[in-house]
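Both of the next two complexes hold subunit A, though its partner changes from subunit B to subunit C.
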Partner chain A sequence: MNLAYLWGIFLGSLHAMVPITLTATGEVIGESAGLFNIGLEGIILLSAMTGALGAEAAGPSVGFLVGLGTGFAIGLIFGLVCTYFKGVQLIAGVGINLFSAGLVTFWLIHLGVPGHHAVAEESQMVNISTRYGDFSPMIFVAIALPVLIYILLFRTKLGLKIRAVGENPQAADVAGINIHLLRLLSTAAGASLAGLAGAYISVNWLGSVTKEISAGRGFIALATVVFSGLNPLLVLLGGFIFGFFDNLAVWVATMPAVQKVIPWQFVAMAPYAVTLLVVTGVIGRARFPAAMGIPYGRE
Partner chain B sequence: MGFSANIGELTKTIIAGVIGFAVGALIIMLYGYDPISAYQALFNGAFGDLYSFSESLANASPLILTALTFAIGFRGGMFNIGAEGQLYLGALATVAVSFFHLPSAMGFALSLICAVLAGAIWSLPVAILKATRGVHEVISTIMLNWISQFLCFYLIAKILVDPQRAEKTISVAQGVRIPLLVPGTSLSYGIFLSFFAAIIVYLLLWRTVMGFDIRATGHNPLAATYAGIEKWKIILFVFITGGLTAGLAGAVHVMGRPPVYAIYSGMPSIRGLGFEGLAVAMIGRNHPIGIIFAAIFFGGLLAGGRMMQLSAHVPLEMVRVVEGIVVLFLAIPELVQLLSFLRKIRPPLIFRSKRSQDEDRRRL
Partner chain C sequence: MKQKSDQVEGKDDIILAGKGLCKGFPGVWEHLILDHIDIDVKAGEIHALLGENGAGKTVIANCLSGFYTLSEGQIYVKGKPVTLKSPGDGIRHGIGMVHQELALVKPFTVAQNIALGLSTSDLSFPLPEVENRVRELSENYRLYIDPLARVEDLSAGEQQRAEIIKVLYHDPEILILDEPTSLISADAEHLFEALNNMAKMGYGILFITHKIEEALAVGDRVTILRLGKSMGTRETAKTDKTELVKLMFGEHTPAQLERKPVKSNNIVLDVENLEALAANEEPALQGVSFFIREGEILGFAGISGNGQSELAEVITGMRRATKGQVIIHGKDYTNHAPREIIRAGVAHIPEKRRAMGVIEPMTAAENVVLKDIRLSPFSKGSFLNKSQITRHTKEIVSRFGALVSDLWKSQTRILSGGNIQRLILGRETWRMPRCLVAVYPTQGLDAKAIDHTWELFMRLREEGSSILLVSEDLDEIMALSDRIAVMSKGRIVGIFEGGEAKREEIGLMIATGASKA
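What follows is the complex of A and B.
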């Protein structure tokens, strides 16, 4: 095992990190404003589908935009239900997951080949080739975005307002902030990042859509948010850890020697087991907005 | 829960259902199919004749049980979406018992016992992590669902594999199977196990002190704590009971579902039963009796969905799309009141009847 080999694993982990980091960064915005969206899994799945079709119709960058837009649209629906209509967030999230899983499977059958849709090579986003390997441009987005969101949340007035509606909506309301609108826009902005993650998976990273393409990444992103304690910079670290284990299964698939010792099923468990362990380990110090998950209404 | 409250819940469910089917019809049209013939096939395939109805009930049997898992948690203020993974292990445990050639009666009892225990054991980490570390059950259950899935993949491929047919596990022994209720269909006496479990859960939640404590915790956790209810006991009880019914769902499905009485690799027949149960619980408003009706209705949609796929060529998955929309709207607590604003919108004067014009004048 030489250095180039380890570098390959590192590169694979970076690519696996992107969807988790993007989704989790978005969810940090939403949760800071007080909305807990467990529909992220469904949003990633549906955006992977729409993003792929968008890319095939008009090129990879349009595919990314379509994914982003899909996430935003679903985020708006989720946000409307959970702000103005005072819906129960967990139930609304489950509804989105069921809807997306159904619609994507339906769509795949409708497209002809049940269960699988490969994105044409020429519609996929091209990676940047360097001496050190191929990098997806989205890796840089996934690294820059948490930093930008950190600045937004902790260094701007808008960020203060977002955190205020999550922490103490009564006080924010008195201060003249439109609670419902700000919460709605925060969660929709967050969901659009999950949509971007979905498009990345199908248009760039894996180059195909299956009904299980999201593979629990929406929930791993939720765990990453817990790990981060709503700090976008820690999302980056958490995303890399989970990305590493996500990539591990792919890596082991190319190593028959390892597979003889550890069956692939046990390697495939790794990202989920590690997520559970990490969340268990850090949960004590994470602190969440006081009003998270609670619909707001004036008394 | 009072009678009028139940009526309110029912109205809400019906409204959400109507919206769900309406949006579903729109999507069916959008993809270029015919919604009317699709829904006709759907309902005929669900409740059209004895055969269809039996299939609907057969589909409902495991769904009632996984829905109970969610409902017990929901009543206690917990969001237990772990039925999926617990069900896999329950099903596998049932198959594992047939590995040893036991006498029928003993094998039958042991299969059920092992299945419920497997479900309960798999829910234990969730309860322990929540009670001791405060890990949110949404995250722990989902992670354990995935771990369970891969564990079962391994068990199916390596341990319980049928020596003659590598794509499936050994079949459940002849004497351990649940006899059929309607010959020629998939409906077994297992449906009564599900009904029985629903009644037990009802009695547990509404007729015991523990049940009262669970509902009190769900209703107002702070007040429950002040009243001296120990949260960790509630958590442990809720998740273990939920695990028991989820495990039983696995057993009922494998022991009572012809023709194979085995699990294929990839678990196509049991995957999703846990998540569908979640929707069933919400449509049944997390009440055991409501769940029975919701499960039969939803089991019917799944049976009818096959007919819809065959005759109207609309993929079966449409059923899940509708289900998702229904659940999304059920999340809105004041759905009924929300729609009542429609009554306040008054049509322009010339379109109104004489009587409503008189009413308006009286109001002025």
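What follows is the complex of A and C.
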């Protein structure tokens, strides 16, 4: 195993890190404000679809915007249900997942080949080629965003307000903050990053849409958020760890020597098993907003 | 600090007034929570709002500060009618409220909590200015607080100071304080001094309390509230304790309760050297020992929060004892499951009636048979016997005079606290339990319901039940108890025979926590 080989794994890990880091960073905003969105998986899936369609219609940049917009729209619906209408967050989130799974499956059939749709080469986002390899521009976004969100949450008044509505909405209400609106916008902003992640997968990274394209990344992002204890900088680290194993699994599974001994399904389990281990090790130590998951009402 | 004194011309400037304030909550149909209340606060005065728990004091405060919206009525600030739709509106009109459940974000620092309410840009980071200003306010009002301290690390008294500073930060002209001494009984003098200073500076202060002495000590005027109705306003200089008691409680004179001496020497509940931790892992009980005989009422007096709740929870199996024994009828039941303790004949009227006494989303009938549901005739095998349950519930509801519209349809949530307590009393006492642990059983009940409860307890006593009564109301303790134990800081600091007990002596012991000499 030489250095170039290891560098290849590292580069692959960076690309696999992007969707998880983006999604988890978004979810950190939402959870800080007290909304837990289990529908991230569905948002990634749906945005991968809409992003691909957008890219094919008007180019990769538009595809990304459409993905972002899809996430924002779903986030708005989720947020409305869970704030003004005091719905149960878990149910609303599960609803998103079911809706997306159904819609994408249907759409793929509608597009021709059931279950799979390759995004045309010219509609995909072009990676930046350097002598060290090809980098997706989204890698830099995925590294910069957690830092920006960290500054937003911990170094601005808006961040204070977001964390306050998640921790003690009553106190925030007394301080004159519009609880419902702030929670709604926080979760919608978070969901739009999941949308961006979806578009990245189909328009840039994998270049195709399948009905399993999100492959549990929404749930792994949720686990990453737990791992981070709502610190966006740790999301970056967590995202890389999971990205590394995600990528490693593909790498290992395709090695001829391994293929003969271990069925690839077992190797593909690795990132999920690691997730489980890390999260069970972390849960209980991380501190989450006291009012997370609880609808707010004054009287 | 803005100079306020120039605004005070005479002492009669009404800066905040409410006329015909009404508030009803959806589903609570028994009575209006607020029933046409008139109240006003003048600049430079402290106006005390006095009433029992459940009288509606907090609701008035929440309406006047914009936290609740009024069902009817009009609020005036400096004579101008205003509509308050949110606490933000209240702040803009110069009304600041210090909530009883302090409205602070616990993991934040004092300065961060204050920064939350500022109208500066969302992308700004105003903490340095806030810190300086807090130090300044701290100094001016002698409410010392470190702006960089995390709220959860502060003592109750400090948290309250932080809350007051937070409200003062917005330069209010009217300050509403909801039961400010409930957390800081020891430190109250300090607060009163600060409030008097503020009144002199021209603030109008509405001070909410259920303690008559406090209302008299700190207020210039006092408005008395009973079950959502105003019983009138008095100048504190022209009224006294007797009159206020009458206004607050109605013509409820503690009944002269007939009692025969305790006949039996059988010990029903024997507690030895009990120790337990509170929810915050601090020691809540430290070597508590006592016994209760058959047909005896042992009253636990003391300010709440001195271990009474934990004691009741340990005895009923809801909290672990770390040391010591709970012996019921000669058998050790320490740290046994609640169900076994119920089977041993211990009934429990819990402190938090909505949280622990009933399951709010369930119906009245379901709650009434909650503890007997496994027994015949209420169930056979896995199936409920609905007609038997209905019959039984009807009997309890009518015997205890609970107002319940539909036994099987309406959720218990919509009942008033008093009606829920009637259902709990019925459920816990209809079998004539051998032992009853009753925690604040009459809190928030009206005079008639209190009388009924007391009579019930005396009847149970006659039948041979042993009763452990926890109450903050010394009159109740004195009227019912055969013996009186005083608790302070998790210890029993004295046990008196009911007959020989002097009110003053017990009161002093409660206040100081000192043991009997």
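Quick notes on this one:
Note that the second predicted complex is superposed on the first by the 297 of 299 C-alpha atoms of A that agree within 3 Å, B and C clash if a C-alpha of one lies under 4 Å from a C-alpha of the other, contacts with A are read in each partner's own complex, and residues count from 1 in each chain.
Rule of thumb we're sticking to: a residue touches a chain if its C-beta (ideal position, glycine included) is under 8 Å from a C-beta of that chain, and two chains touch if they have at least 3 such contacts.
Everything numeric here is computed off the predicted structure, so don't read it as measured data.
With both complexes superposed, B is the one of subunit B and subunit C in contact with more subunit A residues. Of the two partner chains placed by superposition, A:121 touches none, neither subunit B nor subunit C. Of the two partner chains, subunit B is the only one that A:110 touches; subunit C does not reach it. Shared-chain residue A:160: touches subunit C; no touch with subunit B.
Of the two partner chains, subunit C is the only one that A:174 touches; subunit B does not reach it. Contacts of A:219 after superposition: subunit B is touched, whereas subunit C is not reached. On the subunit C side of its complex with subunit A, the touching residues are 25, 67-68, 86-88, 91, 97, 99, 101-108, 112-113, 115-118, 120-126. Touching subunit B in their complex are the following residues of subunit A: 38, 42, 77, 81-82, 85-92, 94-103, 105-106, 109-110, 216, 219, 222-223, 226, 263, 265-266, 268-269, 272-273, 275-276, 279-280, 283-284. The residues of subunit B lying in touch with subunit A in their complex are 27, 31, 79, 81, 129, 133-136, 138-140, 142-144, 146-147, 150-151, 153-154, 157-158, 275, 278-279, 282, 315, 317-334, 338. Chain contact summary for the complex, subunit A toward subunit C: residues 155-158, 160-161, 163-164, 167-168, 170-178, 287, 290, 298-299.
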